[in-house]
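Note that chain A is present in both complexes that follow, paired respectively with chain B and with chain C.
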Partner chain A sequence: MTENTALDTIEVHPITFPPDVLARISPELSLQRHLSLGIRPCLRKYEEFREVTIENNTLSRYVDTENVDAKNNILGSNVLKSGKTIVITSITGGIIEENSASIKDLDDFGEDELYEITKEENVVANYASIYPVVEVERGRVGACTDEEMTISQKLYDSVLHSRILPKQALKVKAGVRSVNEDGTLSVLYPDELENDPSNETNLKMKRKWSYVLYAKIMVLSRTGPVFDLCWNSLMYALQDVKLPRAFIDERASDLRMTIRTRGRSATIRETYEILCDQTKSLPLMINSQNIAFASNYGVIDLDPESQLQDPDNAEEEVDIDMDEARPVLIADLDTEAEETSIHSTISVIANAKGNYTQLTLVGAGAKITPEMIKRSLLLSKVRANDLSTRLNE
Partner chain B sequence: MQFQAEVGVLDHVDGSSQFVSQDTKVVCSVTGPIEPKARQELPTQLALEIIIRPAKGVATTREKLLEDKLRAVLTPIINRYCYPRQLCQITCQILESGEDESEFSQRELSCCINAAFLALVDAGIAMNSMCASIPIAIMKDSNEIIDNPSAEQLKTSLSVHTLALEFIDGGKVVKNVLLLDSNGDFNEDQLFNILELGEQKCQGLVKNLRKIIQDEISPRLAA
Partner chain C sequence: MNVQDRRRLLGPAAAKPMAFSYTTVDAVEKTVTNTPPKDGEGEEVLSLHTGFIENCNGSALVEARNSRHQTSLITAVYGPRSIRGSFTSQGTISIQLKNGLLEKYNTNELKEVGSFLMGIFNSVVNLGRYPKSGIDIFVYLTYDKELQNETLDEELQSKKLFSQISSLIPHCITSITLALADAGIEIVDMAAAGEANGTVVSFIKNGEEIVGLWKDEGDHEDILECISACKEHYKRYRDLMISCLLEQNNLDAKSA
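The block that comes next holds the complex of A and B.
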């Protein structure tokens, strides 16, 4: 028996891994080790954001105001770079015919009065949204992922509830194309003829059209959560959108035709063919005071057990309370380690004035304290202030 | 929050519930723990399959976003390490939305969260804590905070919110904010007022939810 006990003594060697291997095997431990040193795996401080650089309107058809590229159908664009991630937003559009004229569209209201009314009634029903399609490139093809769908829908909801895009701004002020005596074509727009009121009445049309806007948002090299990057890119792109002017042909402006269905005859007004002007455009009138920028935060408890011991003063080690978990706020989440290990998140869309238009707080991990919320709201305001100046640089 | 709720309304699933508040009506079913598909299986914990079906039409990205929020609420309150390599299916069928679906989803989300919680308890899935959720609106002009707003009140509101809180110790202590989803135009003070009012209202709601579960379980224990 005594011999056996001697043999049973085993020496335990701690296994060590290089940092990048440890990060793959145990992202949580790796993250805690980093945080205990006061930095994050991406080598930023807790509340440090990534630098953002933007390029606005470089892809749009109106890049060169003198020479409009009629084959390009992008109305506004933005390229946003943040860390390794690149977000490319291109806004395109279409025109739809409004089939039911609401009471407010009645002719006895002037355009300006109508605008005053919509401004007064600051309700969501008076605002439109943009239809975004988010594509996160992962080097493979297939059906869209849940993440892409939820980000797209969240963008749609947030634009709508932020009251950025009034329905009034999307109304088409259609012109009429007519053939002149010498056989050339010319287009007349109602608002360009202000000094000649007799012409304006001739251009009154019974049909109404609206623009619809689509945004294609492509995300390259995704390294972390991307909702806030997509939102910011969309905000920059929206501020520079130009809508092409549209017109209808004079001959079609009030065409009626009789058709017979099952013995009955009915008069049907033919749908107009509405065409877009090759060169002329109008800027999209958004509610620019509601433009806001997004940022995201995580809350994580520092685990005292994962802290690295300083080898230099290992002897005079201070007694740390092993049960006390200290929560910290991490700004602008990035890297896989942070994304998988931080379960409590705060996502804020703030404008520079200090109002908020969207906030999502998910407390699936560490407790989110009121102090954390206050701090994140403050940081969002500062961040929004900073981001809002980028466009003018 | 005024509501009517029932548990055990369906008999071919492990747990079910119906939750009605004003014009919003949701039925929820829970099946699990069951054998997952290979791609759903998680080696150490219970996988959740969450499905929300709209009142009309087929599910769109709108329902996907609701599912995502419901998942964020349910994941931390279920004791998922009790059921490694297993699956739990949670399906919410919205019977009546009770709000303008093209603009709002707050009422539906709150009712889905409450219904799913009751159905999970009915299915006997191990839980870490309780949850309760309410929709909130801040009105235009008056700046009044309204809990459980009607469809009309949502339309004339300045901002809309969904709040879900996690409760422990018999529903007396708030452990964490599971979800606060806010949209519209609001400031910091309003946000903290919402959290304050929401805590009171959720506390009342969680008491009523416990009552419903108690009424369901006690006759079974007596038998």
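The block that comes next holds the complex of A and C.
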């Protein structure tokens, strides 16, 4: 009985925590406290973006145009630093043989009409994408995380629908390597020999190849959502990609042989590898007017209850309506506190001219008002304008 | 669709990675004219940074460049963090090496180096201080480039690749030691190593104790000579690490 009474009279003392401890145990409260002062936990203002610094093409094989790095197979690269996060993108390539020639490639244009009819709906079919593999380093081994998978897929889809990479740009203009009379090897490219009629007819090949582009995106020091960083890094890297010239051996350029197996005869083609030229390269012709940059926003209600009471102005604050939550727009989400407490997000991909290629709204938290959407679209344009100038610096 | 890995977008299965020809005439000419002057080994330029990765306990960046090659490695230390399962009286270390941008080394090679490094750091880290915890170390070989573009035949090239991983090991050790120090994990002494002719010897305690020995193919008749050559490297790397950490410390003190 005595114990019970002792429990009943126990006194509760308020506990205070240093800011970094509070941020850890109650990110939501810490965020609200910061926001009530007009800043965010990362000490940025509501609509302030992180500074972005980039280094383009420093890792690619074509860094030094005079002396190509033979063992390097990176065709374009970008290192992007935004706040504390580092994104390293490297673009590599492969070559695929086109086994079914598309209608456009056929010499017979009998199906032209059908092609014209379907063309309008099938614009996306004329564009290719890049195959991204995103790796967000967080000190774990094993299978890739959901985040990595969704970002990779979103990057793939966004590049495709942004119509940045026309399929035409990825076609291999293959050359032919032949042995000269004196035993040396030389490579002839059809488009380099336009004024030399003797070679033109020999170089027509029936087989066609395309380049395939892969991107490896490594995210170090992840502090918040990383899709826009990956996207922006990929955009920078894509603008500087150089495709190596490719060639095949003269002997194999159109080689057939007949074989007989089990009484049947069949014609097979000699398989041979298409090789890439060590030094010669062509820039990747992307639709540079479609290059756009991503930015993200969050909407959160300011909670009047967690506002810090200023003891000096205590009287003036009485008229604040404690029930009314005021939503604010936060740009460029970063830090754990913002990521875990802000559930309504807006994600925009836009270019400097104000052409928008993607808008994603997730309204899981505070209400996203039309004004907020307008504001975020405007900010994206400004941001894209700023980011697009980085490459030329 | 790729059947092996449905979780990643690996592109069409029929696509072949780009194969670059080694016999193009132009390439040979170019490399001959651009070979840097052969002034022996040349002085190695080392640049060290710590604590730039936010979501781990300690990190280090080591960039090395000499006349032969240029390397850049990032190390991230996660831990000490609690492990699942039954009680262990000592901490456990795991070291993963990862190919960065250039897929240069195969997984087996990296695993072998990883377990060699694990052997070293098992004796360098004061594991008794970290019961029931794991320390996970990740080394990313971000960049590794040979500066001399010699066109060698296949056999020589594979040999060269093999000897190269041994030249990377001292830098791995330097960067892991730095990252451990950055994470505030107790170590017995600053470990570092040197490389000579494919032999890597790692030391602590001013070169009095050897904590690891790696031997690759290569010409090393006199092992003692190798060891003394490595010791020279060790002393240089150790001094650099200490000055780097002190500098970092001063910076932190200033900003605090």
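The criterion applied here is as follows: the second predicted complex is superposed on the first by the 358 of 393 C-alpha atoms of A that agree within 3 Å, B and C clash if a C-alpha of one lies under 4 Å from a C-alpha of the other, contacts with A are read in each partner's own complex, and residues count from 1 in each chain.
One rule holds in what follows: contacts are C-beta pairs under 8 Å (C-beta built on N, C-alpha and C of every residue); 3 or more make two chains touch, one makes a residue touch a chain.
No experiment lies behind these values; they were computed from the predicted model shown.
**Q** By residue count, is chain A touched more by chain B or by chain C?
**A** For chain A, the partner with the higher number of touched residues is C.
**Q** Have a look at where A:Gln153 lands relative to chain B and chain C in the superposition and call it first, second, both or neither.
**A** Touch status of A:Gln153: both partners.
**Q** Looking at A:Val382 after the superposition, I want to know if it touches chain B, chain C, both of them or none. Which is it: first, second, both, neither?
**A** Neither chain B nor chain C is touched by A:Val382.
**Q** Given the touch rule stated above, what does A:Ile88 touch, chain B (first), chain C (second), both, or neither?
**A** Touch status of A:Ile88: second partner only.
**Q** Taking the superposition as given, does A:Arg163 touch the first partner, chain B, the second, chain C, both, or neither?
**A** In the superposed model, A:Arg163 contacts chain B only, not chain C.
**Q** Could you tell me if A:Lys367 is touching chain B, chain C, both of them or neither one (first, second, both, neither)?
**A** The first partner, chain B, only.
**Q** One more residue to check, A:Cys276. First (chain B), second (chain C), both or neither?
**A** second
**Q** Between chain B (first) and chain C (second), which, if any, makes contact with A:Ala70: first, second, both or neither?
**A** second
**Q** Which partner does A:Val123 reach: the first (chain B), the second (chain C), both, or neither?
**A** A:Val123 contacts chain B only, not chain C.
**Q** Which chain A residues are contacted by chain C in one complex and by chain B in the other?
**A** 149, 152-153, 156
**Q** Using the touch definition up top, name the residues of chain A that touch chain C in the complex.
**A** By the definition above, chain A touches chain C via 59, 66-74, 77, 84-86, 88, 90, 92-97, 131-133, 137-139, 141, 143-144, 149, 152-153, 156, 177, 184-187, 212, 214, 216, 218, 220-223, 244, 246-247, 273-280.
**Q** Over in the complex, which chain C residues touch chain A? Could you list them?
**A** Its residues touching chain A are 7-12, 14-27, 30-31, 34, 52-56, 59, 74, 76, 78, 96, 100-102, 104, 136, 138, 140, 142-143, 145-146, 149, 151.
**Q** Per the contact definition, I'd like the list of chain B residues that touch chain A in the complex.
**A** Touching chain A from chain B are residues 61-62, 64-65, 68, 72, 75-76, 103-105, 140, 155-156, 158-160, 166, 175-188, 191-192, 195.
**Q** Report the residues of chain A in contact with chain B in the complex, numbered from low to high.
**A** 122-125, 146, 149-150, 152-154, 156-158, 160-163, 290, 343-344, 354-365, 367-368, 370, 373-374, 377
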